[in-house]
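Think of it as A, B, C and D in the order they're written, each chain with its own count starting at 1.
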């Protein structure tokens, strides 16, 4: 069965998903909608699909599933509308910046037995997925301590920062999800530190650019996260899981893996400098997983609940920084 | 301008090129031909092109360029036919197993001012190309000594071996081309050793499975090649260039780059186990280069002459093993 | 000038320092004392020095400096005695498990203008020292975020644990010192999590075996530490410093650095499995630095104050775990 | 039993061995001789041994073993004299530059049932030894193809070159021995290429500075060697063994193993720049093995015959370059 898609939002990430959908033998991109007609038309021209309004896609009989890549503040509404319309829904993270709104939205999804998958693309990175597979195989025994390093090549514009919900909800949220994906047990406690070291303008916008987080589960499993909005050497994305029998780690990826030796030493090129080239394979695998779920093969994961819990961890981190204390997840969720 | 393609040969490598052509925005796959109609039809179905005979493609007004992926013994004839028909020609290596026949064929290409590119895909591997770029930038000074390690995961069937022209013409030929690509000066002398260590059946077929070659240029630049038809750990493909100011190397590639540490040590997964997954990017970049050349943007490289010289080095290696001596390239070319 | 040494304590670490002292051209080992005469005699026999009592060493005219390797609860008393006796003092960490006692002891050292160096050997590891040198050279710009991973191959006996002051004062204290060594600014805030994951007996002894710590300075520089009392793959000791212009890291060390590739992948041997083989070079360099300081060339560093502050960070971590909050260093120091 | 040593030659390598002998609990350095009294005295002062003449050492009752570090042209004579005097003999490579003289010398050793060990220190490098151990354990199956890369940081003075016997006998000889150590079967055929790329003065002295060698055994096992007298990035010493079940390799060693990431990429420091720092552990292990053999525990290996065969391979390489052909070892040995 071919899953027929509508794409909502034709921006940067919309293009990534358009490519993934059209490149998948089990899917067909039927229509695209965007507030800017030219953006929608560009995708329509490239992939031979129709330009339609969101209303038209909602009403369409020839569309089974939608990918939501519109601005964050429209996500929850669109999820509710399209679940009600009987479409399978893939939504970019986050569902909303308000936990209350996310909970409300997930109520609607549950009420309509909807299919909802949230875009935590990193779970589908082949290297991170391979680390998880080693855990599942038991190679490293019981998971005990996780270290996640996640640094962006550069900070986004301050305008973006202002609408982002802050670094914990915008950037660390991926690491919260990754920690949950690997810990195999729910996080119960969150401690965090935060500072502005990269750009004072980020501080003036009320946000931080350099943060650290400690997570702990009920049984004592622990994870720590180091985030910075700047890394001169590229997009720094590493995870390491230490267990009772060993450890598994996924190293950084670079577009070209050569080494040049001269009198000053041995030099390897910088890392990928952009999340889209770093996670090319992850985006394709993510959409393939959604296509399978939309086609009735397996549950949609990461689920709306995964989106909810990751946001709760972000809220707990915000609170931990503000109140200089360990915050129980049960306080915010 | 879109370059319109005919594909001759719908086997394993034909499929690779069909994917590359259809994935390139500057190309269109118009038709495919194969002695086995079902093979051609499978590609036609997948990419929405026509099935035609070779004669039809030769006569077609709507085809600008062909990709020749038919058996080796048809290459030279097809090159001549399609060059005469005014099509740009991309031909898988080798042009022919006979140097004399290759020379004759290239005469025809020259006489018709044809565009001919030969499929030495490794030049287009991003990692090997980056090594070459470092040489061109002068980072490592003058090239002096090259080491090429090239080992297949496993030997091909003996039937294939029998028709292959032998390991030097079938397998080492890629390394001869790579050495030429990196040396920046023509090879003048060849010394080789050869043995059967992997499979006695290969020896019974008159071939070797484990060989070493030394190359030398007039100015004394040197290269050495180590080949084996077997590597339990995957498709082993490394180059290293030592120069007056430093060295540049391209390491092996693996599908998943994690590391697992246990009481027995630190383990990384095996390499790619198949040339098609190892060289996915190289095949796409190779066809992109041909599309550019076919579209009039730049010369076709590697050229027919590159194919000729690599074959001559293979012939010299065969002779070196047989006569236990250093063979001058001028003796065979 | 040759610095003449008395060694107090002939146990495991005493032997390490005896070797370092006798191997240094600027030092001479004159005498050794130990509560167990046989232990002292073994060192005397091996290195040709005398066995003396602590009192005799204190009174000796032919001894300039002492190395204190006796049990922790004797450190502060011995420091005071030997500083009063005019000897330069090298003392293994910690000075004492009580901050108050350490402060008192340092008062005595100051009053007598004594030379006191504390045994934070890792500062002298050539790899960690090279990371610090890169910071000092400005290669990575301003230090912003540090990640320290420190895991022992296996837990010490529970009897040791009980006398150790707990994991933060016994094990993490090295990482606290390393963080201070690299941050270049005093830590003002400490947050920690802790659990028993390795051995329930450690929990029964009132200690933890798996801990995480976040550190922060007044200007917002941050460090995080991951500790475990167990690592099947060896003695895991890594540091990574992220700065405004780049990052510097020191990787793990192994006794033998080969790689073996088979059908199951590429395997490198485990790490060092013992701190003495891991830090062989560090111990020698540490004593060389003390010999220089004792001989009047340069200040003794790490100093008694460095020992004091590292212990204060440990106390803050203990408090943070107990009270589930961020602890200001000013609360404990 | 303590083995009592006389050291013949107090130059650079003599100092290395003096340190190894005095650092070994089973040996004692009794006396040192050198044509330059000041050189001998320096070692005597440092290690507390006597200065004696070679004649006195030969006649001494209190000396069991000698280490010969004098100029090459004295080696064979001294071996004969000291074997006749009943001393165990360790001699730096080569025994002599003339195969005939080496054979004659070994006759004398055999006639007197002497103990002779030749200084191929690399066999004792822990990393190379670990590769050999993997072969012995069967991890990589039957050895099939070896690649040895060996490059000096810089060329020696031309005066040294002139007396050296040429690059094959002076430098490649270590790689010939390493190939034999790893192949597990005698080499029967040698092919080589050679050029002057580093320094024309080396060519004017009748030598080469950049060479390649192919080796082959009767059963078809093969090895290849790449040598250069220059490597800007340090002392480049790598071996790789490919077998029927896998491969084992020993990578380069560097004094400090950090990595610094900046906008231009990831940089590791250069390699060791001197054979003495690179092979510190090897020199100590080599002398320990000789002490064991001199003390009657095990045979002396590498033996005089190992020295002979490595020299024969060098002679065959010289002949191969001169005659542009594969040379059988049986032609020269």
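Criterion: a residue touches a chain if its C-beta (ideal position, glycine included) is under 8 Å from a C-beta of that chain, and two chains touch if they have at least 3 such contacts.
Which protein is which chain? UniProt says A, B, C, D = Inositol 2-dehydrogenase.
It should be emphasised that the depicted structure is a prediction, and the values quoted were computed from it without experimental measurement.
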Farthest chain (mean CA position) relative to chain D: A
Pair exhibiting more inter-chain C-beta contacts, A-B or B-D: B-D
Between chain B and chain D, centroid-to-centroid distance (C-alpha), Å: 41
Computed distance of Cα centres, chain C from chain B, in Å: 57
Touching two or more other chains - residue numbers and ranges from chain A: 232-233, 245-247, 261-263, 269
Of chain A, residues touching chain C in the complex: 142, 144-145, 147, 149, 151, 189, 191-193, 195-198, 210-212, 214, 216, 219-222, 224, 226, 228, 230-233, 236, 240, 242, 244-247, 324-326
For the chain C and chain D complex, residues of the former touching the latter: 126-127, 130-131, 134, 139-140, 245-251, 253, 255-263, 269
Residue ranges of chain C touching chain B (in the complex, touch as defined): 232-233, 261-270
